[in-house]
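What follows is a set of structures for review.
What follows is a pair of complexes built around chain A, which joins chain B in one and chain C in the other.
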Partner chain A sequence: MAAAPSSRPFEYLESLPGTVFFKLYQQPSTALAIFRRMLPDLAKCFVMALLYLKQPLPAADLEVWVQSESLKERDNALSILGRLHILSNTVTADNVRAYMVTDPFATSLRNALTGADQTQSFGVLSHVPSGSEVSIAGLDEYARRQWEGVLGYMVGTGGLGTQREVTLSKGVKELLQAGHLVEIRDRRVEITQDGFAFVLQDVSTQVWHILILYVESATAIGMDSVEVLSFVFLLSSLELGKSYEKNHLTSKQLRMLTDLADFGIVYQESPDAPRFYPTRLATTLTSDSSALSNPILGALSGPTGDPSSKAGTGFIIIETNYRVYAYTSSPLQISLIALFTTLKYRFPNLITGKITRQSVRRAVEMGITADQIISYLSTHAHPQMRKHNVSRSTSNQAGIPPSVLPPTVVDQIRLWQLERDRLKATSGFLFKDFVSLAEYEAPCRYAEEIGVLAWKSDQKRMFFVTRHEQVAAFLRSRK
Partner chain B sequence: MNTIDATEHYETSAHDRPPSLLTIIVDTNPHAWALLNPTLPLSTAIANILVFLNAHLACNYANEVAVVASHTHKATWLYPVESTTTRNSSSKDIDGDITMRPQAPSPPAPSTSINKYRPFRIVEEQVSSNLHALMTSTTPESLSTTTSTMMAGALTLALSHINRRTIAWNEAHGGDITNPNDPPNSSSNNTRGTPESTLQSRILILSVSSSTGSAHQYIPIMNSIFACQRLHIPIDVCKLSGDAVFLQQASDATKGIYMALEEPRGLLQYLMMGFLPDQRSRRHLVLPTRVDVDFRAACFCHRRVVDVGFVCSICLSIFCEPLGDGVCLTCGSRLDMGDYGAKPAVVARKKKKKKVKANGPSATGTPTPTPTPGP
Partner chain C sequence: MPRAVRGVLIECDPSVKAIILKYDQERHDYIVEDLDDDRHLVIKESQLANLKARLTKELDDKVMQPDESESE
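Let's turn to the complex of A and B:
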């Protein structure tokens, strides 16, 4: 399964120490963005229920609030809240285990909701002299051009020349290299396996990926990760089509602004302009994957300059006989589709091809996984496919979320991948040369119980474990 | 090798979480708020509602809200409203409808000291300014004529807005747009209520008036309730004062939440805990529901709330007293009233004699399971 859209920023945030969270949560926009983007539904309910309580809520009360069938969801929600340092365990006055929302987060979220914010964390609107505003369409065009430029640089479509050449700054190229998305070999850009995974993701996941890379690299050159992250979350809370003042920003944030403008995440007329505009890439940062079907993100990946692309979301039609029709003329999209399809014909606005065993195997050999192909196809599925499949599958399988792609194609792509995946490597430790069967059996059973046993052979008196510390301790203790 | 099974690929859309649309109907009946004023003034209640609206908007980037005021003589929108009345002619869409965009009503001199997430501020500014306009337009004369609230009108407004947004959302996301009024799985055994892939809508009614004055709206209210039931739109009811006979039925029929607040000052906490979870989260939560629902209906002839009534056997209209000429007022069917109006002398004669020929055809036609014990 392709990674959940929020997983990467979540993993990064989770790895941060608690003090960073404490500083991050001082800012209401950060609290709001993390609340909206990182938490599952149930966790949001918990936070909101606890937010305006004066006393901590006893854990037993919270537990009876959740239905008994949904224990898994509840534990998941509570563990995510704990890992993000939002919910803390305390005890009430009469020594009962209880939950409460931790303080900088609670205060900031309350401030965000009531508007009692003193830190200007939601940006300051700038008053543009009328006539010189940048339209939303203009911003979308700018964001699309820059982002496709970045992707095109990675995939190597720059030479096709059908598009206006986008000049990428040195910083962008270095960042892509630092993130191991591309490699420079003999002064030629070559996309890596991570890069393939990256280009096939949906746009909002890509933007997060880039931003996390940026935060990591910024920390490496000595910028404060809190400051960088706070600014990212600030950007996510701005409104599209409005311009914002720059003079409240620190010098580091101004530098970030210039860097992010190269990716098309923000727009400024010139580096010295007194104001900046967030583009849709920035303002949809806190939306989850349903914003993919946003008209503009569709336009981002869809046919270039085609006015009808605003209405639709995707452009790929797949039939149950593995034929693919893609209504696009973007060299980037064509080269992406060509990664795992055998292309047949190309028309001014349409390419056709077929997903075959050879084409999928070629893609898998390049390091692309079946899940990436499937998620790319379903992300960019044509509205007609969504409509068709949604209406069909709700009629016969109530309750199961309908799949956009034909199930037979999805299964077959997976099976083709499995053809290659016959070996699975597990790193670990082999225990062998046991003198007697009894000596072999005891540690083997112990390893199985603690769940580290990967393989065993009673005949050869060998077993293989993924972790050896506990088994070794067990063996020592028996001697 | 065994990782492929038939169910796995359905998870691809598990992360697709459609946004939800919350429509709040605020009962702004001044009579009832005047009674509530010592415990919970309207201004405090509105402030709490605004925080609650913000919390709903905070939950998802694409979440939407709408606020309807149910006033004494009309039901009106508080949010969203069209930005300016002068642009009426230009902002019509292809259907000739006026688009209601949550646009800022060009606030006079936006104070830069307030730093607030912009969607929150737009909602807040519109709701408070429209409510203010509504209150200033209310004259003492208009209040003296009625003490009830236009709940039926407000429900209808909310439903039409939900319908409109659902169609628009489906159009934008390639859903089923052929018949949005038809729930795609109304006949199947889907117990979850709403289909997963469309805009999730719900209605929250903040009720203060008592129902006695609104019995004349019984039919439109029940029709709205049945529409919600069919469209899988839960109606949540938050009862601050008064008694709401029909609203209990509304939340019961639509699987919504009914809460009568014992302590109206804690409104925000009630809202946050009870009413914020959307349909998806509600599946996992134990919800506050009411077991003893008041199922009383109002009669069609005098709009009285009745405990025992008379039902037309053809169209199921309810009447509080037997019809004079035996003709149903709703469908016009001639009903054989039998001997309903006869004097209770029947009982008296039964006491005297055991076997007596009953004097009406209806009395003989009715079989008595246990014979009257003899003296």
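Let's turn to the complex of A and C:
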């Protein structure tokens, strides 16, 4: 299953009440975006199969489609569809349990697929006089500069060297503060723990994080969260390199455009220009999660000043003796690396340092996890490290998945974190006091299948789940 | 009749679990359910931050640290 639902936007959506979904799904662009991005493949199959059915499909018939060894995937898909209010449980005329795709999701998705949409839900193309179009490269450059400016503001690259200063609006700074990503102390910007975790994530996760903060703060100042969210989904369905008319938009949407332009999510020549362009940050929001290979990230991670650098151009070399060499002159990258390494020398295009116990502990104390460090390092590993690894892994037939980083370094970073973090906490619910083993086993297996089981003990007839609603419903249904 | 209890599942090594059990003996205000193996227990959600802080401090005080130098 390739497209796992990306967790952050999914979790946020899930927390919304059903009425919000009802309003959201009025827009074909939203229905399509949710369908494209949030659903695992099997869930897509279910939706497509049920989409044009007029009558609910008996649950037993639907369940027959799935092979018995994939029950876990099936329950997971059904659970996601239920939580997003796409599939509803009903009964057929002769009282058999059945599923059907809810309205208005079904109507909207049908409209989106057949193009029968009259509501301008996918934006209106603008005709630009030839010669004045903005090129895709120009949009990428703009998005990269703005986004790096935001990240740079957060980690405080000011003291590290000369960077073309990106002027951030007051709104952007307030949003970062409201989201507790930065704090202002003595008129200096200081990054918080959440902020550290944020800057190490990949770009599409970051953009979603910011957008969700934006939606939340918009509600606080009286904008309707449904309107803001639908506009985000609309932006995500636009085409890169095309410009769109602004005169169909409401005043609130225009205001959003100005705010989002500061982040580089959309581009407009001036706030009064009659048209706007979505950048790659917007158009990859709900495309399949391959945002990793997009040129923005490549440019963001690569040395700055070289926007033509293609995807996958890593620049970090790590040796088995924990030394780090990073070919970069970007102040942003240098301050990121400095979060968890002890830097030693800096040359015009290279910095060197060492990952030490102390530097990792420092990072962990700031709230960065070992996994974040490792994923950052492996995302940005130098092509030489990948090449070296391929040659090594072909000689190694044991079937151990090849890692780009030296395994000893990866293990050691994890061990250093464990020293600090001696316990792993998962909040949720403990189910106990089952009378018989049979009574215990069924819900326990169900919890495992829908992926919420965290711990179980057959002996004590207890199990621990991260979410209890569905398990409780399951227990009730068996009474 | 099965019941569901809200809490935080803690997964840790036996030594840390022993420390948590010791804390709980003072006022019985941490543990919801001791899961009777070496590594798991369920504690009250409200006490998690407090427990973490207390544990970090205690471990920092008691565990011997090898000599730390950042030189090559």
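In this text, the second predicted complex is superposed on the first by the 369 of 479 C-alpha atoms of A that agree within 3 Å, B and C clash if a C-alpha of one lies under 4 Å from a C-alpha of the other, contacts with A are read in each partner's own complex, and residues count from 1 in each chain.
Just so we're on the same page, a residue touches a chain if its C-beta (ideal position, glycine included) is under 8 Å from a C-beta of that chain, and two chains touch if they have at least 3 such contacts.
Not measured: the values here are computed from a predicted model.
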item: Which partner reaches more residues of chain A (counting touched residues only), chain B or chain C; value: B
item: First (chain B), second (chain C), both or neither touched by A:Trp455; value: second
item: Partner chain(s) touched by A:Ser330 [first = chain B, second = chain C, both, neither]; value: neither
item: Chain B versus chain C as contact partner of A:Phe464, first or second or both or neither; value: second
item: Touching partner for A:Phe431 - first (chain B), second (chain C), both, neither; value: second
item: First (chain B), second (chain C), both or neither touched by A:Ala112; value: first
item: Chain B versus chain C as contact partner of A:Gln27, first or second or both or neither; value: neither
item: Contacting residues of chain A [partner chain C, same complex]; value: 342, 354, 356-359, 420, 422-435, 439-440, 443, 454-455, 457, 460, 462, 464, 468, 471-472, 475
item: Residues on chain A engaged by chain B in the complex (per definition of touch); value: 1-2, 4-5, 28-29, 32, 35-36, 41-42, 44-45, 48-49, 51-53, 64-67, 70, 73-74, 109, 112-115, 117-122, 124-125, 237-239, 242, 284, 286-291, 293, 295, 312-314, 374-375, 378, 382-387, 390-391, 394-395, 398-405, 407, 410-411, 414-415, 418
item: Chain B to chain A touching residues, read off their complex; value: 1, 3-4, 7-19, 51, 54-55, 58-62, 110, 112, 114-121, 124, 172-178, 184-185, 188-190, 192, 195-197, 268-269, 272-273, 276-278, 280-281, 283-286
item: Complex interface listing, chain C residues touching chain A; value: 1-13, 16, 32-33, 35-37, 40, 42, 45, 48, 52, 55-56, 59, 68, 70, 72
